[in-house]
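Worksheet: one structure, shown below.
For reference, chains read A, B, C and D in written order, and residue numbers begin at 1 within each chain.
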Amino acid sequence: MLGNTFGRIFRVTTAGEAFGTALAGIVEGVPAGTPLQEADLQADLDRRKPGQSEIATPRIESDRVRILAGTLDGVTTGAPIALVIDNEWATPERIAAYAGEKDVIKPGHATYTYFEKFGVHRDWIADGRANGRETAMRVAAGAIAKRLLAAWGVEIFAFTRALGGIRCPDLPIEVIRAHADDPPVRCPDPEVAKRMLARALEAKACGDSIGGIVEVVARGAPVGWGEPVFDKLDGNLARALMSIGSIKGVEIGAGFAVAGMLGSENNDLPVVIDGGIRFETNHAGGILGGISTGEDIVARVAVKPTPTIATEQRTVDLVTRERTTFRCVTASDPTIVPRMIPIAEAMTALVLIDHALLARAASHGKEP
Amino acid sequence: MLGNTFGRIFRVTTAGEAFGTALAGIVEGVPAGTPLQEADLQADLDRRKPGQSEIATPRIESDRVRILAGTLDGVTTGAPIALVIDNEWATPERIAAYAGEKDVIKPGHATYTYFEKFGVHRDWIADGRANGRETAMRVAAGAIAKRLLAAWGVEIFAFTRALGGIRCPDLPIEVIRAHADDPPVRCPDPEVAKRMLARALEAKACGDSIGGIVEVVARGAPVGWGEPVFDKLDGNLARALMSIGSIKGVEIGAGFAVAGMLGSENNDLPVVIDGGIRFETNHAGGILGGISTGEDIVARVAVKPTPTIATEQRTVDLVTRERTTFRCVTASDPTIVPRMIPIAEAMTALVLIDHALLARAASHGKEP
Amino acid sequence: MLGNTFGRIFRVTTAGEAFGTALAGIVEGVPAGTPLQEADLQADLDRRKPGQSEIATPRIESDRVRILAGTLDGVTTGAPIALVIDNEWATPERIAAYAGEKDVIKPGHATYTYFEKFGVHRDWIADGRANGRETAMRVAAGAIAKRLLAAWGVEIFAFTRALGGIRCPDLPIEVIRAHADDPPVRCPDPEVAKRMLARALEAKACGDSIGGIVEVVARGAPVGWGEPVFDKLDGNLARALMSIGSIKGVEIGAGFAVAGMLGSENNDLPVVIDGGIRFETNHAGGILGGISTGEDIVARVAVKPTPTIATEQRTVDLVTRERTTFRCVTASDPTIVPRMIPIAEAMTALVLIDHALLARAASHGKEP
Amino acid sequence: MLGNTFGRIFRVTTAGEAFGTALAGIVEGVPAGTPLQEADLQADLDRRKPGQSEIATPRIESDRVRILAGTLDGVTTGAPIALVIDNEWATPERIAAYAGEKDVIKPGHATYTYFEKFGVHRDWIADGRANGRETAMRVAAGAIAKRLLAAWGVEIFAFTRALGGIRCPDLPIEVIRAHADDPPVRCPDPEVAKRMLARALEAKACGDSIGGIVEVVARGAPVGWGEPVFDKLDGNLARALMSIGSIKGVEIGAGFAVAGMLGSENNDLPVVIDGGIRFETNHAGGILGGISTGEDIVARVAVKPTPTIATEQRTVDLVTRERTTFRCVTASDPTIVPRMIPIAEAMTALVLIDHALLARAASHGKEP
């Protein structure tokens, strides 16, 4: 597993599994002098943590983050920040409940690929590091990134654009912003949210699960972030979002819809507003040539239905290679879409802050 | 522009603009002992090069690649491979034809973002490095990657899945493979291809352009490639594909369709075939937990309609910030989808070979 | 502080200050299936830890390392390994003892550079991250690297080659190996060690300190590790060793002596022994063209005298910029040379394991 | 060969062998708007190029560099800069002269390590990429770095501190600066230079070679460059300098002499001069805690005697593994020390500019 560091300047390194002792993270690139206390990171962790609604997994975690290094008297020192989140749920009894899953390929999970890649010694308990639990540390790191981005005037928010086939209609951005986080579905249209919730509960009742689409918006990023040709802003955003478990697609702005548009429709026409250049439309999703345009950066990700379902499925035993069946008996979410919101925000924040720092390093046309 | 290197072990670094002297590339990570001559790279370059059909730009380039370093007597030496492709089309007369575009924001292009990021000294001729011309070097490097992947039994091919709103139906994979490259549209269904061509010519006649979807398939990759949690195979594939100009979306396997599926539908059930584990379906697109499953790796990208159109568009002057109009008078493609095929293959190859080498470095469960 | 990760494949990321809560580390690239328990890391930590002799700082730390992630039942899983070492010495009372040092430039320390780089919010307590305490995590990570190297037959040991101007004569390598760790001086010649100790105690009595030279030897590395032209084995070894605080010079093999040698003297002549190629001499220190030769890899580092001395020194106040004086009242070592031994070993191990994995990735002349 | 890129922000990637077609380089991180023409790079290339004196190799190269990309009308555009230097000396006849060396281990060269690492397909002609010829591209890239550093007020110069056992005494820095480049020895003391030259000619007459010490000074770097704990300025400087072929040692400031000093002697005491903090002495060589202090950055490297000598040496045949002898019949330098001057300057420049850009990215205590 050689990919546990993200970013070039603002670098986040994480470790930790679903039922290990704790999650750990080291965050580099935070300038000295930023007020930062544990409570500042907790808000986003609380938004991600399990056990918050009837459509989320019943696992209970306080997800309390501790800062072990990098701050002094509540202010960053310029040194790397070390974070730890204990796995409180990981008791021997609960681990024992997974014993029957050890050698069974769980459909839709990383069970098979981890077994083949890492061998018999992989951490198999609830899929170990492949479990969504690792994203708690992404959210903690992302909360630091968000604080720094705020100084540039950048705000990031995400919401449930679609769930179980039900799509949230287009709404004024200020409505979205105000209601993006409305529990439990995090869809800003209350009527649609109600239908989405019903769909999720229905799937849960059937021992099944549903997928959806999360949309993330970053407002206020200046023009100029992104490093062609391989570290374009959209490329790195796609990597960041696709690196979240269960994500099967990423699109920017008009996204896949561009495939059916004419050039004359899709091109965003520039206009001058208050002396500054803006665009009449934002099909580009705030990125042109891999560089931010100053418009809202808009990305959508496709979230697959939770693979852990209560229905019995045909499968294969990893060791004997004989046919068997699998039915999940442990904690699960009928949908992970609402919990994906803070994770998508975090990954977007990590990409943006890294590009902000990279852009500052290069400093074209300035002296020296 | 701080992002001109791709990959961690198999590293590709490129330089070059649309109307500069030449494109340059350095490819690192090619093992010694691989037969490699210029002709070996030319086939893919010829598939990408302009001027091949009535729906491609009339720019004419031989795109002849020269190997300056890294081989001896037609065999790689283990040293980095230096490649150069001259820009034959870039004569002073043709450059002069762009003079009128210098200070105009060309809608849908990187004109504005490059001006703001790099200032007055950016290369503005046909958008310089933001022009698709740089992809020729990606294709050359990708051709090296493909050769190495062939030794692992991996084959990569792409085709036009949709063009101008017309979608190619599902076909047997062997039909796709055999006809993926059929000119000029590169859609393996001849009837659909005919309709696509008509649509493209219609757009051209109107001075407009169309977008589409390219699907890329990698066959034969073993289970085990991909490095969680930030260098997952799908994450890096998304970055690689999204880093190509004009791409606005990437999806893996079932992609955005998962948003409307049930868990019980979407999960691919494992089966044993000839003693090996395979899957009944491949909604995962060959990747689970960020690691290849051994099934076909399937990705689709959304290609926007060529922003360069012959229709007059409202825009703004970069310097005066006054309203003006722009209509393209230089070479352009009514659609770039067919030319995107070898580029998508190349980027897929670069990702796969890098992950193949990374996976070999880690060597879990083997000695030492 | 943007440099807290070391290595390309075997990557170590650290955080932590002298008087913070704890040191943290994340180690990536450890293959699954390696037995690894906390006790396995403790031996080297015990060799580095303070409070072991009359010539080492009286700070007392158990330096007990905890593994938070990356192992299951005492075996690595392929996931990144998270390590924590608590700072037990860091009580509020002991921190208070440093209060008088806050705004004084401590000669020979990083006080001034940290203040200028990070500003008033840097961690100033015992120089925070610039304090040698961070090397405890290097040693813990190095202990993992050593275990992996043992599987390749590589053994690493270091010893005090010189202390306070007294130089250990050349000894048979087996004598060095057997006595490299002899306390308290870690010089394998007992007579010389006795004189070195006396010199250190003499300096201590005068409120002064002494420097020395540490020599590190890696035996058993095969020919072929090192990646020209910028990641040569000697280049990365130099970086690794020079990155340790207080090191002012690094030399390989004959080192600076080559400046006075003739080519005919310095060239190591190859011979065949038992069918394998060896060299009559090893002025190259086991590295030619940046690649290991199979001979012992030999490096020496110059360790400056501990800057913390009990003698009063002229200096300047950071804030008022007025002249003042400084005399250390807190814990210090009259020499840090013996404690440098396990640190130099650790950094050598980190470089070698990373190059071992890199070399395996490339796999020249092998299939595929 | 996986190490052909240097730097994190200002990244240089090179390729090319002694008798290949050409050397190639791509330089990333150069801000847009910097005047840069081929002639600007030629001065340093001319200082490195062979054939300049009776103590340098008679190989003749114009070392003319061509800029293929990254500039427009003589000004950088922000895009990566592609450079090519043709190998004019590499004619088939001259290559043929090396035929007899193909399978012989040349003592002191990388012949054996390259053969073992890369196999029979390595480029064996004059050691291919292991030959010092690749440093021409380092010098070209370094010349770009020097231009950028000049905007920060940083000047870099190097000189021959010792040659063949003769050491240049300490001289006023302005004398060194004025005469650092005096041909042919590049030792600023004319009397000492005369003796050095005599020593070199004497060695040449005997068919032998001599080594020496190059000292490099960087003046004007501000306090604050360097990224603890693994990317310290001295660590990266050591790596950069040690990565040059034939370098066996690197020291900073007092270097190995610190091993014999007392803390009270070695500590540089701060003073206030014109309101700014300076140091009474500079044993630290301008770097404390891995960060520049604002004083001169001073490094010395030990250069081994050219391994290519005209005297017959015992050796072994790579293929038959039988004893044989080797005597060089092709071009060689009796000493490479004077030609090492511009190379050491270039590598120092590459390190400093990269750290300057990294430091700017982090921007501690500034907004945002």
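Methods note: a contact is a pair of C-beta atoms (placed from the backbone, for glycine too) under 8 Å apart; a residue touches a chain by one contact, two chains touch by 3 or more.
Note that this is a predicted model, so its numbers are computed, not measured.
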Legend entry - B-C or C-D, whichever has more C-beta pairs in contact: C-D
Inset, instruction - Work out which of A-C, A-D or C-D repeats the contact pattern of A-B, with more than half of the residue-numbered contact pairs in common. - result: C-D
Inset, instruction - Round to the nearest whole Å and give the separation of the Cα centres of chain B and chain C. - result: 45
Legend entry - CA centroid of chain B to CA centroid of chain D, Å: 38
Legend entry - Mean-CA-position distance for chain D and chain C (Å): 26
Inset, instruction - Would you give the residues of chain C that are in contact with at least 2 other chains, written as numbers and ranges? - result: 1-2, 4-5, 9, 14, 29, 32-33, 78, 117-121, 129, 358, 361-362, 364-365
Inset, instruction - Over in the complex, which chain A residues touch chain B? Could you list them? - result: 1-6, 14, 105, 107-110, 112-114, 116-121, 127, 129-130, 134, 162, 164-165, 203, 208-213, 223-224, 226-232, 234-243, 245, 247-272, 275, 277, 284-285, 288-293, 302-309, 311, 313-316, 321-323, 358-359, 361-362, 364-365
Legend entry - List of chain A residues in touch with chain D within their complex: 8-9, 29, 31-33, 78, 148, 151-152, 356-358, 360-368
Inset, instruction - Using the touch rule from the top, collect the residues of chain C that touch chain A in their complex. - result: 1-2, 4-5, 9, 11, 13-17, 20-24, 26, 28-29, 32-33, 66-70, 72, 75-82, 84, 117-123, 125, 128-129
